[in-house]
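One chain, chain A, links the two complexes that follow: it is found with chain B in the first and with chain C in the second.
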Partner chain A sequence: MKASQNNLRRSKLSKPYRLLLPSLITLYTLIGIGVVSAILETLKHLNTSMQLFSSSDFYLSLGLSLRLAFTATLMAVGLAIGLLYLLFLLTLTQQQKGRTPTKNTSTIDPSRIFSRLFQTPMLIPYIVSGYLVFLTFGQSGLLSRLSFALGFTDSITAFPILVNDPSGIGIILAFVWKTTPFMILMLYPVMTSLDSKFLDMSRVFGMKPTRYYWSVLLPHMASTIAFSGFIVFAYTLTSFEVPYMLGATYPKTLSVSAYQLYTGGSIDERHMALTMSMVLFFISLGLGYLAFKHAQSYQKHLQGGRNS
Partner chain B sequence: MIDKRLKILLWIILLVLILFWLTPIITMIITSFSARWAFPNILPDGINTEAWDYVFKQNMDTYSSIRITMLIAFLTILINLAVGFPAADALGRYNFKGKAVTELLISMPIVLPPIAIILGLHRTFLRLGLTESLLGVVLANVIPTLPYMIRALSSGFESLGFKWDDQAKMLGATKWQRIRYVTFPALLPSLIAGSSLCILISASQYVTVLLIGGGLIKTIPVVMFPFLSGGNQSIGSAYGFLFSGMALMLLLIMDVILKRLYGRHKKVK
Partner chain C sequence: MKRIVLVTTLILTLILSGCSAPQETSNWTDSSWSDLVENSKGTTVNIHMWGGSDLVNNYMDQFLAPRLLEEYEITLNRVPITDARDMLNKLVTEKEVDKKDGSIDIMWINGENFSISKENELLLGSYASKLPNYNELVDTTALDVIYDFGLATDDMEVPWGKSQFVFVYDSEYIDTPPTSMNELLEFTKNNPGKFTYPAPPDFTGSAFVRHAFIESQPNSDQFLESLENAELTELAAPGIEFLSQIEPYLWRKGTTYPENSGKLDQLYSAGEVWMTMSYNPVHAQSMIDSGQFPETSKTFVLDAGTLSNTHYLAVPFNASNAPGALVTINEMISFEAQVEKFKPTVWGDGLAISVAKLSDAQKEVLNTVDRGTSTLSPEVLDSHKRPEMSASYVEVLEDLWYESIAK
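== the complex of A and B ==
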């Protein structure tokens, strides 16, 4: 009896580690296979691999990837904050409405419905979202037709090239289209999680709702904004399908050049592609590490707040 | 006065929503049913189902690609559940040394882009004979999906805690009874969420399947991509609509099935 109890306790101590093992082994065997093989290949052909870092195309691709991801993230964060502001005002007017004597409990919160509607693009796969941008913003797309009908442009080619353009506007549009709903999905629950007592209190002190949003709700969401913005940045920086579909032939983003070098045929290019994929790997690793560190310190901050 | 403000707000939001987010989707749906849509016309020149005929009657790859995509997603979920279920328990209900690091390790693949790992993985899979095989694609799909499964399940475990388990144990329930009547029902919502995410992510992998599958494993994205990048617009739209609709349908079906199971379970109780 005593022995079995001892066993139980010991197994309890190591139990979480045992439970974690299958997942960690599976994940890191697979990732390790990919990474180690690419690193070995790079080291084996160090000379050709290092040519990558002396080619101007590499830096051009890196610059393009960074610029696209940065612009898209900034726009997505800005749009999300703006839309959430509108949703907040909507909740507010709804609440005021609810305070009138006729308390109708069956009324549906329109702000919740809208936040759901904004999330529908999340169900559209990335590839399709790229195609949607092509259909809408391409030279033969809907916007171009509208501008022709309204007399802004007089031919198909008069409409600015927004898709497959060297500056990557189409790619940015697709990223923003797809990631803003993600930002709203992440932020809406955080925004509504703040106790309405704070709103009442702010009213007592004569704070206007707009001021409440910017100086109470926004700081409350700041950490989540930073976190999800980071995720968006890391994702768009290395995303493949959208730039592959909507990018110009030159310059190409890092991910697209890596793929095209790898499948291009020449062995030297293959080695450079593997090296490039390692660059992508370490960039995302670094960004990911920062994002999760941030998230964890935020959780600790929350727990600390609860304890005190 | 409040009503007026509400209305204006509603309209602003609706307008933004419709203009930027819904117009492209509607355009795609209309394009898929349009016969020809010459440039300056705001509306299609005619409505027909030629593109859909092509997708379902002429292109034999469509049905097989749907089957193979679902099979890959299903197998990926099975592997994820098998290895991820215990890990989710550990992260959700236990406190242990190195938990923060472990969470980091489990979540890391979320930010790892397929292209960063897949080239190296392809080289090794080539040697192991795993390219052009279903197993190879499924294994590659585990990397981006497993973290989501674990995170979804662990939040379920976290809110479940040990108290119900302990109570059932006290009432004399066996381990399997506890899993069947305590853990499983409590984790059902997390299971739905996790599996749905796995399906969505696994089904939308493109470059992974293209490389590891070597063009032989034709999932929906692989079959439809040529039409999306410069092919016939009606057919491209039909595929895009079909693919998005399937993603939505799969989620709905899964939701309904699991909820029905859950309801029956409740009635028995």
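== the complex of A and C ==
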């Protein structure tokens, strides 16, 4: 009797683990097999794979990939912090208008609506957003034609080159347009999760809302910013379709050269492409570790501050 | 608990069922044709082919598939792919692990992809002479049938159609199009920024670059011989010279090139450039008909000729349904299927079958096909054909282009 109760309890305890198992297996067999076989392939052809590291094109591509990913991530993070500040101000005005009586009734919160509006670009696939950037910012695109029609430029080719440019402006535009909404999706709930007592308290001490945002809300969101910033970085670093559509013929990002080597080169060159992907994979892995460590120590730092 | 086990098993089964049970494969080499037709009844044939053209896809789905179902009870499953190389990569891996029941029954390839398939023994074997229509309708001695980009086909693939490279221009801006590469250079000097070509390894861009190599080299016939890499690089030197001469007058001054021919077509539709190009002589007409190209678009070939090639159908070594594949391919080179494909509103692809082998009645049917005002006549096209060079050179020349021009 007792034993069966014990069994029951144990099975209850392990139930969530068992339920998670199928998805974990799927996740790790599909991705794990790919990663392991890519590493094995690289090791099998170690000599030719190492040739990669003596080619200047490789470093140029890697540099471009890193630069684009860093720029896009920084811009997306900055933009998201700015937009969240505006959303925060919107919440304040709403609260002041509503004051106490309506506080708990279901009035429509405009900041919630706006945060949803900012999130809508997430519904559009990357490849489509790349195409939208091309149609909007290309020399025969919407803006160029508009500025020509209004007489700002003499011909459509006088419009500045914003897509397929060697510095990757078009790629960054597409990335920022797609990833800022993701940042807001991640950060908005965190921002609104902080108890409003903190705000009241800051008022008591005479803190201005702007100051409250920067020195209370922002540190509260810091680890989420680090994490979602890392996700954005890892994605943009390895993204293929946007740099393929909006990049220049030379230099190419590492993902585009890996793809072209894999599909266009001879069969012997396939493992070079895999090595390139592995380089990107390990950079992401390393940065993910750093982001995790940073968030952890920051959390400790915050807790330490509270205790003292 | 039981339910969870059940669900887990179910999920695992779903994952693993990617490797489906093999269909019964009979030995195609010993069977007679009527046996093959009989054996393929009620089976499914998986054809893997580039799916980037609505015209081609519609032809397959709306003409060929119903026809096969009605006449041979074969269900045709078209699997669209973006790059034949993915398919070959898959077959190489399947060969490594000795997978017998492959998911591909027919693949649409030529040139480099055929040479890779032949080299790595990814093909079923010499099956062409098994097909009645191949023996009756195809000119089995023609060089552009038995040599695919300089490599002997050895009956391992069957021609499905032919195409030829043409340039497209907008007659609203250009009165007389250039007739040689040098005139093209003059044209770009007079109209800077109005011409460009897709960056190799794009198929069309790569073909344009080969024209430059061939025309700039007075001894261009040497490109058809067997060459060492060093010899090839030397032969290509005048072409590189030409391509770097033209570069400053290209769209964006040659700092970047459209990544594929679709992008070039788009620049042409938007009026950013005045010329585009295609390896299909009726491509311009179909783009006009669908409203994507201006009505004033016309096509031209160079006086010295433009490259032409044949595209083929091959069966992988591990096809699950070889009899069905053979019957399907035989139907694809039947007179009816070929004429339908020749119509510009359908696809406009060149005939793989020989006109000389047709009956008078069939010739008459063929003459009624109208290929549109922007399309050059078959006579003009035929008299301006150049053979393709060996597929193994294509990659060397692409690399050369990348090193000397793109950088």
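Convention: the second predicted complex is superposed on the first by the 248 of 308 C-alpha atoms of A that agree within 3 Å, B and C clash if a C-alpha of one lies under 4 Å from a C-alpha of the other, contacts with A are read in each partner's own complex, and residues count from 1 in each chain.
In the analysis below, a contact is a pair of C-beta atoms (placed from the backbone, for glycine too) under 8 Å apart; a residue touches a chain by one contact, two chains touch by 3 or more.
All of these numbers come straight from a predicted model, not from anything done at the bench.
In the superposed model, B is the one of chain B and chain C that contacts more residues of chain A. In the superposition on chain A, contact is made by A:Thr93 with chain B only, not with chain C. In the overlay built on the shared chain, the residue A:Ala222 is in contact with neither chain B nor chain C. Look at A:Met245: by the touch rule set out above, it reaches both chain B and chain C.
In the superposition on chain A, contact is made by A:Ala273 with chain B only, not with chain C.
In the superposition on chain A, A:Leu19 contacts both chain B and chain C.
By the touch criterion defined above, A:Tyr262 lies against chain B and chain C together after alignment on the C-alpha atoms of chain A.
Look at A:Gly34: by the touch rule set out above, it reaches chain B but stays clear of chain C. Contact with chain B, but none with chain C, is seen for A:Ala291 once the two complexes are overlaid on the shared chain. By the touch criterion stated above, A:Ala158 is placed in contact with neither chain B nor chain C.
Chain A uses residues 18-19, 22, 25-26, 140, 156, 244-245, 262-263 to touch chain B in one structure and chain C in the other. Taken together, the chain A residues at the contact with chain C in this complex read 11, 18-19, 21-22, 25-26, 29, 138-140, 156-157, 161, 164-166, 244-245, 247-250, 260, 262-267, 270. Those residues of chain B lying in contact with chain A across their complex are 2-3, 5-6, 9-10, 12-13, 16-17, 20-25, 27-28, 31, 39-42, 79, 82-84, 86-87, 89-91, 94, 96, 99-100, 102-125, 139-140, 142-143, 146-147, 150, 200, 203-204, 206-207, 211, 221, 224-225, 228-229, 233, 236-237, 240, 243-244, 247-248, 251. Within the complex formed with chain A, the chain C residues making contact are 1, 4, 7-8, 11-12, 15, 83, 85-86, 88-89, 92, 116, 120, 193, 199, 201, 252, 255-259, 267, 270-272, 395, 398, 402, 406-407. The residues of chain A lying in touch with chain B in their complex are 15-20, 22-28, 30-31, 33-39, 41, 83, 86-87, 89-90, 93-94, 96-97, 110, 114, 117-118, 120-121, 123-128, 130-136, 140-142, 144-146, 148-149, 156, 177, 181, 231, 234-235, 238-241, 244-245, 255, 258-259, 262-263, 273-274, 277-278, 280-281, 284-285, 287-289, 291-293, 296.
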